[in-house]
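See the structures that follow.
Paired with chain B in one complex and with chain C in the other, chain A is shared by the two complexes that follow.
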Partner chain A sequence: MKRSQIITFKIDGQDIAAREDETILELARQNGIRIPTLCYLESVTPWGGCRLCMVEVKGTTRLFPACMTYPQEGMEVSTVTEQLTTYRKQVLDLLFAERNHVCSVCVSNGACELQGLAYELGMTHVGVPYLNPSLPLDASHPYFGLDHNRCILCTRCVRVCDEIEGAHTWDVMGRGVDARIVADLNQPWGEAISCTSCGKCVQACPTGALFEKGKSVAEMQKRHEFLPYLALMREGRDGDSEQ
Partner chain B sequence: MNEQFEQITAKEQAAAAKFDNAVHVCVAASCLSSQSDKVLETFQQQLKENGHSASCQVKGVGCLGLCSRGPLVAVSHRDRPESSELYQHVTPDNAPQIVAALVAGETAADLVCATDTPFFQRQTKIVLENSGHIDPERIEEYVAAGGYQGLLTAVTEMTPNDVIDEVMRSGLRGRGGGGYPTGLKWTTVAKADAKQRKYVICNADEGDPGAFMDRSVLESDPHRVLEGMTIAGYAIGADKGYIYVRGEYPLAVARLKKAINQARRLGVLGSGVCGTTFNFQIEIRLGAGAFVCGEETALIASVEGKRGQPRPRPPYPAEYGLWGEPTLINNVETFANVPPIIRNGGDWYAGMGTAKSKGTKVFALAGAINNTGLIEVPMGIPLREIVYEIGGGVPHGRVLKAVQTGGPSGGCIPEAYLETPVDYESLQQLGSIMGSGGLIVMDETSNMVDVARYFMEFCMTESCGKCVPCRVGTVQMYHLLDKIYAGQATTKELALLEKLCKMVRETSLCGLGQTAPNPVNSTLRYFRQEYLDLLLDGERVTAVATTPEAQP
Partner chain C sequence: MSKTITIDPVTRIEGHSKITIQLDDRGQVADARFHVTQFRGFEKMTEGRPFYEMPALTARICGICPVSHLVASAKAGDALLAVRIPETAANLRRIMNLAQITQSHALSFFHLSSPDFVMGFDADPAERNIFGVMQRYPDLAKDGIALRKFGQSIIELLGGKRIHPAWVVPGGVSAPLSEEDRDTILAYVPDAKARLLRTLDWYKGIFGNFDAEIRSFANFPSLFMGLVHRDGRISMYGGNIRIVDAVGNIVADQLPPEKYQEYIAEAVEPDSYLKSPYYKPLGYPDGIYRVGPLARMNIISRCGTRLADQEWAEFRALQRGAVLSSYMYHYARLVEMLYCIERLEQILNDPDILSKHVRAFASPNQLEGIGMSEAPRGTLLHHYKIDENGLIRWVNLVIATGHNNLAMNKGVLQVARQFIRSTKIEEPMLNRVEAVIRAFDPCLSCSTHAIGHMALHVQLLASDGEVVDEVRRG
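== the complex of A and B ==
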């Protein structure tokens, strides 16, 4: 077990008391400081892939992902600067241009985290050319669907399925821009025998990539508030409470 | 143990003394691909037919250096060691000619490769000292050449701290490209608390286009790397090591496997190294063709059997590495430098090179250069000397335009800066990096936008896809470069490219993404006009030699 000391540091000028094993993102949220994220999901292992939670630390020119960085005594963290906002908008630019995100026909229109961040950061247009890839939709599962056009590869589904449900149905195949979320060994979701049809992945998905069948445009509300409770209840059951 | 080494050495020397002549045929990858194995067979067969197999030794050896003239064959004579010859472009067809000359005590003049050239004279060989002299598949020859002496000294006469001190004193820095002080890294891992055990990993996932230094070391002298790793294991308190070799190097893997078995049998690896209580096991792990697995955290994930994806650092592997334990990761060339440092002392090593970059560096010369091949030079040597003297200059009477170092993470250095000494800091100041040692020479026929596009395409296809800036940013930058090169872009697109370069560099998760814009940045810095010339609305200045400004 790690020794945890209590330290104090600053986020945006605000004094924060922290245990050494809490990340900057967790501490910011506890103190009501908003840091945008997409791949972060409370109760599963942080991923550090979306790069939206990058923060500046006084005394270094490097940027740090808040979701995976631990504070140190006396650290001064800035979460909103002109530079960070520019980078965050650019990340959204890249994501919107990567696949075919058409909000007006999306089940998650109005309840999408990607869309929400675009509003929040005041995005008015996409600054890079669209890649317009041709992507399939997997509707083989009886209750749920997977639309690769709306996937941002945050791997929240992968982690929630592996770490909370324990099924590990989802994983990532391929690399770079050709990476895809796959069920089992790249089978249609409906044929993936490891899937328990629990639906946690659907609730964890920040966009409309994973959705419940029967939902029409703007009807897919995601709820993942129950996940931390579930994770807490299951903690220690399989003997690896250290994690 | 020492007596055993002496016996082996004496036996090897006695065996070599029985032969009047020795024929060394290079059987490293480059020459092997030009049928040097057949050449070796022909020599053996011919000498047997002529009845000289008892007086002439024929053996396969590691890289002889000058790959562009391969297959290479070195012939030496015991009674007149000064008149040994090197033959170039030897084929199974012209091998009999050399045999005939050898038997007659003459030289086959038309096949001789001159060895009094700067390529052979200007090098300082430490890492490659045995390369081309010993048979890589026989541990006895390595021992006879002084091999495993360093390990023996370390485990029988030195404490782990003494070993680290020696490495620290040598000033050796990581040869994988970053140049992190090796002694400091070793100290960190040695001081880290392990839950159960510590690990040593050798990074042999050499993926830069045009780089083949590590391959050559592994194929020509595999025991040197094993010895270096074992010394490292002793110094940091690890009993287990992994060599992560890329799957594209089957010959290196085969030789390493053989070497590990031989070292175990001799007792310099495994349980009770050199008769002491120190244990060290080495296992080989194969890469599956992903460039990103050369990044240390992705490499660790791959060794663990997971998808080869990096994770943010800190925590660094020195603290939290393989299976969550303190792990020392060094590159092949770094480990290969360790045995001579222990054998000859850190001060000896620190006597070479510059104030901050000590020792020698192996470079793989490729591209528009006469002598493509492998060289080892002291740090601080000017680029010009490497290109024009050792490398023999640019072929076809063309003019040198730039030298690319550091592969897809590096940059292009224009002709005007060729006086720059080759060391970590100087190259960094020019916007490039030392990298693992790939050195690609470009002449005036290379278009720098095309060069940048090539490297961007490489990064794009090699991005793992974990973080957004690298996954999508490299694709966008590649498309922009493609558009510029096709002459269809405007100044607006060039501005967007520069904006993306900055963002991808600052926000990417691992080194691959952070350095992916380097080729673009460095070509923009020194050859901006080439970009402008291709723009639809760019300011065109034709036929004017631009003098790049020197600034950090």
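== the complex of A and C ==
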């Protein structure tokens, strides 16, 4: 790896010292600055899909996803502006309207990242009409369930399954509003032979889309703090074998 | 010329309904019907969801009695899991159910119906509401509010919130009771008991003043149905079905809830979204029966708690055989509240109530499950069929108010015949037609709505649809 140069830049007026290979989002978190995210998951490749981490950079009207953008010397980044709050709320509007997110009867009620962000950004209502799609629930797996009604297509499950577990059971099929998470070759989850039933996808899922069977309303607490350690250990192992 | 009087909406009840009264050419009441005008569709919309979600989903049927649905639904879930839940879990569910019945009865008796008792059915409707009661009988109103709070506070302590707690789950309950919360609830009991006994004493002194209402408020022979223990004691949570006839004879006893389809069938009327269940052996509509407080007081051999048993004996002495007037639902409600308070105190004093083992875990072992319990308004039944993955395929809900549908219709006709004698609409007579429905405390679903603010719109129509007379209030 090439030796990184140390640069300095600003986030919300705060001076930050950074390596060139660290993203604005990582640096913000290291410095205690909160930028909302949904698709970002520490230890797997950033995807830049949810657009909630968009930030403003002085000197340009373009917005940048903090999870995919590297700082440059002297850059001035703003993470909380009126414009950004409006855009972030609009992103949530579209997410809530696209599928059937019924918090009150959801397994993840009270522990959902989507719901949490809606509270954090002061969402009082959904600004676009609901699509109310008729979506199935895959309960064919013996331990876990997939409820497409609650899925926001963040692909955290896809990436964690591929990059950490190495199974690549999950993928995305279809485009736009018709996109769906699928197991193996669009089979019922219980019939997907690549699935090791490790459950990391369930823990990585930010909403109630992936859940442990038998959980009632508000009982599904997701735990993914262990994933970076797991990733680190496996990286180390891979590194050893390469040497 | 025949005419139709329509009362739409019916006020001071839970939900939306209307009443139509058909007059014949001589202005006499020919027929009267009670229509439930709202449609919910829960049986259809829950298809495809995991059965574990059913308690929370079906609790949304109602904001007044979410707990009743939670309990019946969780029991149907237990049947799908095919587990015997820990006894402490069953007892904790019992406590919540008793608290629920207490708070709902308090709402019905004090908030919705007491204005008629204290001011009379002929009083000015501007005064004849809970605010009028607060002004003129502040102690009575305070007792009502305190008793409702008693029930709601227990529900909140157990389930974390007052409305739609998610604590009752298939297999048991999601969290045990702490010693601190147990003691808090027990500390509420003496005050609630004192308020209730005071109300009972007062009510026993005045209910006789409403002789005409007692005689005509759905006062007719019918069957009565409810759950009892093996020894005939009242049972709000478990037990089996007992059916008693108008003279007090036991027609059927210890019928298992899971075989309900052998003795209950459901008829559908074209003018109402509410189904009309009937006792199958007698057919439709002869198999008319009543459920709820009056029915429970009529079917049981005893309550099983000291004070309630005394009051129950006094209640049953009102009439040889079964007590037939639906006006007596109000009285029965008070006796039941006393039982609920005594019974939950009994259960809480059992040290096992603090056990941490409150949930059985299993995968679904049966593809069909039935849960039955007593709701404030009567026997409640949830019947689910699932696929092998645990997703709901088919649902049937028999709601307490539904059992009373035939009786409510008959009651509306009886009151209309007694009190309507001219084609001119008079408010007191309309209030009585509504009040007979109110005696059953029907929960036509949904959540609370403002009391006394709902508009009552009555039209007297000629057979060609011309409006002959019209009254609005609200």
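Basically, the second predicted complex is superposed on the first by the 233 of 243 C-alpha atoms of A that agree within 3 Å, B and C clash if a C-alpha of one lies under 4 Å from a C-alpha of the other, contacts with A are read in each partner's own complex, and residues count from 1 in each chain.
Convention: contacts are C-beta pairs under 8 Å (C-beta built on N, C-alpha and C of every residue); 3 or more make two chains touch, one makes a residue touch a chain.
Note that the structure is a prediction, hence the values are computed from the model and not measured.
A.B. asks: Evaluate whether chain B and chain C can sit on chain A together after superposition, giving fit or clash.
C.D. replies: Aligned through their shared chain, the two binders fit side by side on chain A.
A.B. asks: Which partner does A:Val128 contact after superposing on A: first (chain B), second (chain C), both, neither?
C.D. replies: In the superposition, A:Val128 touches chain B alone.
A.B. asks: For A:Glu219 in the superposed arrangement: first (chain B), second (chain C), both or neither?
C.D. replies: Touch status of A:Glu219: second partner only.
A.B. asks: Given the touch rule stated above, what does A:Gly49 touch, chain B (first), chain C (second), both, or neither?
C.D. replies: first
A.B. asks: Answer with first, second, both or neither: which of chain B and chain C does A:Gly74 touch in the superposed model?
C.D. replies: neither
A.B. asks: Anyone got the angle at chain A's C-alpha centre between chain B and chain C, nearest 10 degrees?
C.D. replies: Taking chain A as the apex, chain B and chain C sit 120 degrees apart.
A.B. asks: Quick one: is A:Gly166 in contact with chain B, with chain C, with both, or with neither? Answer first, second, both or neither.
C.D. replies: neither
A.B. asks: Measuring by CA atoms in the overlay, how small does the chain B-chain C distance get, in Å?
C.D. replies: Superposed model gives a least chain B-chain C C-alpha distance of 25 Å.
A.B. asks: For chain A, which residues are in contact with chain C within the complex?
C.D. replies: 104-105, 107, 109, 136-137, 139-140, 142, 145, 190, 213-219
A.B. asks: Going by the contact rule set out above, which residues of chain C touch chain A in the complex?
C.D. replies: Chain C residues touching chain A: 48-50, 52-53, 55-57, 60, 164, 166, 169-170, 174, 361, 363, 389-391.
A.B. asks: If we count contacts the way the header does, which residues on chain A are in touch with chain B in the complex?
C.D. replies: The contact residues of chain A facing chain B are 47-51, 54, 63-65, 68-69, 86-87, 90-91, 94-95, 97-98, 127-129, 131, 152-153, 171-172, 174-179.
A.B. asks: For the complex, which residues does chain B have touching chain A?
C.D. replies: Residues of chain B touching chain A: 290, 292, 307, 311-312, 460-469, 471-476, 479, 496, 499-500, 503, 506-509.
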